[in-house]
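What follows are several structures.
In the two complexes that follow, chain A is the common piece, with chain B as its partner first and chain C second.
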Partner chain A sequence: MCAMAVAPGVFSGWFGHGDPRECTLERSGQGPAAGHPFGFDIQGCDLYSNVVHGTRDSLTIGLLATGLSFAVAVVLGSLAGYFGGLVDQVISRVMDIFFGFPLLIGMIVVLQTFGVHDVWSVSVVLALFTWPSLTRIMRSSVLAVRSLEFVTAARELGAGTLRILVRHVIPNAIAPVAVLTSLSIGAVITAEAALTFLGVGLTAPAMSWGVQLNAAQEYFTEHLNLLVFPALFLSVAVLSFVLLGDCLRDAFDPRSR
Partner chain B sequence: MLAVPGSSGAVRRAVLAVGTAALVATVGGCGGGAGRGPVAAADGGSFSVGVPAWYVAHLTPARAGKSSVAEAVWTPLTRVDKDGRAVGAVAESIRSDDNRHWTVRLEEGWTFHNGEPVTAQSFADAWNAAAYGPNAMPYGYMFAAIDGYAALNPAEGRPTAKKLSGVDVVDAHTLRITLTKPLATFPYVLAGTVFAPMAKAAFKDLTAHDRRPIGNGPYRVAAPGLRPGVQEITLERYDGYAGPAGKAARIEVKSYQDDATAYTSFQAGAVDLALASGHRLARSQRTRPDSTEAAAVGGVSYLGFPLWDRRFTDPRVRRAFSLAIDRRSISRSLLQGLAEPAAGIAPDAVVGGGGRTCADCRYDPKEARRLLEEAGGWQGALTLWTEQDPLMQTVLEAVLNQLRSNLGIDRITIKAQPTEQLYPNLAQHKANGPFLLYMGAAYPALYAQAEQLFAAGSATNTTGYRGARFDALLDRAAARSGAAGSALARQAERAALKDLPLAPLYHPTTGAVHAENLTGVRLDALGDVRLPGIGIR
Partner chain C sequence: MSRSSRAVSPDESPVNRDGDPLSSARPLVLEASDLVKRHRSSGFLRSRASSDTPAVDGVSLRLRQGETLGLVGESGCGKSSLARLLTAVDRPTSGHVEVLGRRLDQLDGRALRAARRNIQLVFQDPYTCLDPRMTVGAIVREPLLIHRDPAPRRDRRRRVAELLELVGLNPDHADRRPHEFSGGQRQRIGIARALALRPEVVVCDEPVSALDVSVQAQIVNLFTALQRELGIAYVFISHDLAVVEHMADRVAVMHHGRIVEQGTVDEIYDHARHPYTAELLSSSPAPLP
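The block that comes next holds the complex of A and B.
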């Protein structure tokens, strides 16, 4: 799947010309034909190569958004957990505000105010609403780690706050949040598809599974293939990331092995 | 009216309630089959219609705009007959020697729904209220052609007058109207429901009137009218109507967010009549041809060019874009035949329309590429704009694909905005690329369409086009009636399209779907149904 995202051209050429931009309106909505295993979309473009090329934007958004929220979660979570007090209060209350928001509605509202809907803006908005749950996990695991003996020992030895955080606390507290992050990649990809389906995410001519599903919603009673194939790829991708998350958890947590 | 299949008790009560001995004949099974369907009865029966929400958002002539509901509730001075001529409705005659000073004789015997007679004064009152700036009527601008409009709508400060100086009530049944300049198509203008009369009682409480108007049309809005939060009104036939009476005794009007949801409701059997377009209409034509009506509408979908943008000042660039678009395959394949490739701004359905006035509306990718190269090629990104409408966006994607493959422009994006954002953005010259829009003629005459799209003062002149030759020809067209006026309007159209401020793409076909036992469903030149003519079999 990742190989597909990096080099879609290799895969999309398997059956036919493989150019997702080469469209003939005469073939609008036609079923599978030689060289076009998935048929044609409503614009008369080859659906297979479109779905393959769609992998890139969908996965990029998934990785970018979770990467951003992971970074924010690690920084804010360890600050809140390690220092406690006022810092914790401020960060936790901000998180509470975000928790109080209905996620999808919040994202729709924010995206509506954005002028451009590209990979970056959609990722940032998705990250904006996924960081609080990750941060909360990070905070609680830092809370557990900071009172352990080796942290106290490091402090007694005269190590600086930054050094303790970076060298001792974070490496020991990061495992749960890393697992959760990989699990949420799938959720973010789905959220992107949902937002785009609702018309506030990416817009054509960008190619993502959400865009293809959005285009299909008007026509799926007549052309089922338009809906099925992007949805199939989407499900497989989400499933792979969930499994990846499971593997990571096993790797980090030797007890469950 | 409350007949549900299988509940004969309800049927019996409903029949007793209307006091007739009629048989409740067919309880229609439409679409999904679970709905109650139209009800036939000796008094004409009843049916329900699904309409877009704006049809019933306001019920004052100059707030409501033209819709099938407005046309059922009001009858203005004239109407456009099926041959596309403006003929008298409330007016007995309408005359002018110079197309500027008009004398209208009203027929006697017309009354409002509250029994008040319709007089010249009722028209004058309604028009003065509509044009009066502080009343802020959305369609008040349509009175700009009448003398004295400027005094009621000063650029700043309070208006100095309360009445249009160009509207003169001679006696109870004679109205004299003076326009700012000659307009031969003025009888067509008067056919719009915005120019409908208002009863004296209406002015006591304009807000209440907006929810339950006192009209003079074949149907009246039943009590309690439009209630906040309720998406439907009931129309009852008005028995004192002086024109041809409506066929059905009652029409239930249910409003929906858009045509698509109305169509879905129709499929579910919740309404008996709904407008349809795009692939829904195409599918309905295939699956239920007997209960689908389709007709070409008097409008055009066009790709407008931002003339304020340096990159589009060279006419060769605009011609290249126009020549690179394959109108035929968009109409035939993408729109499944529910459109006619355009070579002008108005189709046959419009008086004077249908001329092949646009020389660059061919498909010639080679010539397009050559012209673009001659003009210096294309550098940088291109953004295409359109309304937030699934069908428009699909068409624009096809245009995008063609521009990319035929002109070699690689970085193209689409930007879709709601109409209430898009038009101001165009007016303020904020759009930075061509835009796909639809423009329907205000009334079915080529002059109206040309004026809307290209005249300097028009709010819908989205491209900001100014053409001296066009202006001169259009002024001459305005002053001439009949075929001579149409010919001049066509010359004006040709002059404007030679400069190509916009590229006409196609004339869409719109349609309506109805329950099988509805009869007389016809679409007018602007693509709407005429409710009074619909009966139940």
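The block that comes next holds the complex of A and C.
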């Protein structure tokens, strides 16, 4: 189940008509037919292969954005939690500024200033607004780990700050933020779909579930399949990442090894 | 030999007041004078209320090679704060700590790391003092990785096995993680880690108070056996007077951050001079006949 969201990327040729760009306008909006299990979109393209090819951009954005914010969160959260004082003050106040923004409006405004809306720019903007919550979690779990005696023991042995952080503090503090990150992959994919739906995310020649949902919004009263299938894939992917989060939580417990 | 009845810092004059003529022949390994630790109350809203009493208030003590100094006192009297000062985990507000004649409280970086080899700490809680994500072997090996010279790379594995054996653990269990061990065994792991660098002084901060009584006895016996074998000096912190009486050559009684009385076990246990010592002794339950 965890792997299912990643796998469809290679599935597109399964039902014969694999090329998502091979379209005939006369089949516009038709329902499922032999070799085209999901039917056709408004341009007459095979919807199944479109949805399958959309997986790549949607997942790339989800993984890239959360990967970026996870990296930022681990670094900044550990610094803020471990050193405290001025470092903590600065990082925490910057987080507060981001918490003050209305999320979606903030993302729309920032994306408007970008010239190109490709996978990278959308991921960066999404990461820009997801790192503060992850950093806050990381900071608080580092605070908890920092006061444990094995950290004192390492300091007393003469270990350097870097060694203490990398060997002792981060491995013991990372579990909550890693679990939360895998949960937020789902949220980020949804946010990307929402941004695209609002017209500031990826644009038409690119394929993502958001683009397809965006295209579907005008026609779904007549052609329900345009809305249902991308939405179904989106839900399954989000659910899978939630489950992945659960798996991670179990895997991070040293007792279970 | 006459001990001053003044409460604080009995080591001010050059006259030896250790009360043990034998040990005075051995070299000093640890000396602390006038240690003060004031915990700064942080936050700008609370900065006015800085009239708080210091956790450690003018403590002086000396320790000779192979000797055990018991440090007793009720909880909250500053014993653990003192342990953190002696091992340079915290820096004193004033006063100084000397280990083998080197000032520990002023050193930084590389010099501090080198000086720390000679003084190690054994913790109270065997459950939080070991990194749960590391194997026992990695925990005991870590001091050898931080200080490269005591054991060259090829000897490390053997040295870890040696240390585990020394504290009575099976060296074959080095690949296990701490949660697979009992409290007493975990404490042995902590002791092995402390001994890895062959320190002269080991500061034991309530090392047996988290263990049940039968295990306590085993660990106490391990401490005394290690002392006989390796000539280590202990600062043995405990609130358990019976354990300290068994372990210590000399005893220091701590109260509100000060050492109120210091002397040999006999002097303290049979002829307590300070009222607080008498109170402390009378408050502990009498041992069964």
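Some notes on this structure:
The rule is short, and it goes like this: the second predicted complex is superposed on the first by the 242 of 257 C-alpha atoms of A that agree within 3 Å, B and C clash if a C-alpha of one lies under 4 Å from a C-alpha of the other, contacts with A are read in each partner's own complex, and residues count from 1 in each chain.
Heads up, the rule we're going with is that contacts are C-beta pairs under 8 Å (C-beta built on N, C-alpha and C of every residue); 3 or more make two chains touch, one makes a residue touch a chain.
What you see is a predicted model; the values in this text were computed from it and never measured.
In the superposition on chain A, A:G158 makes contact with chain C only, not with chain B. Of the two partner chains placed by the overlay, only chain C lies in contact with A:H168; chain B stays clear of it. Residue contacts after overlaying the shared chain place A:L47 against neither chain B nor chain C. Of the two partner chains, chain B is the only one that A:E222 touches; chain C does not reach it.
After overlaying the two complexes on the shared chain, residue contacts for A:G199 are found with chain B alone; chain C is out of touch. Using the contact criterion defined above for the overlaid structures, shared-chain residue A:E149 touches chain C, although it does not reach chain B.
Chain A meets chain B in the complex at residues 21-23, 25-28, 42-45, 199, 203-206, 215, 218-219, 221-222.
By the touch criterion stated above, chain C contacts chain A in their complex at residues 84, 87-89, 112-114, 116-117, 120-121, 123-125, 128-134, 142-143, 146-147, 177, 179, 190, 193, 197. Residues of chain B touching chain A in their complex: 278-279, 283, 326, 329-330, 333-334, 388, 390, 393-394, 397-398, 400-401, 404-405, 412-416. Listed in rising order, the residues of chain A touching chain C in the complex are 148-150, 152-159, 163, 167-168, 171-172, 254-255, 257.
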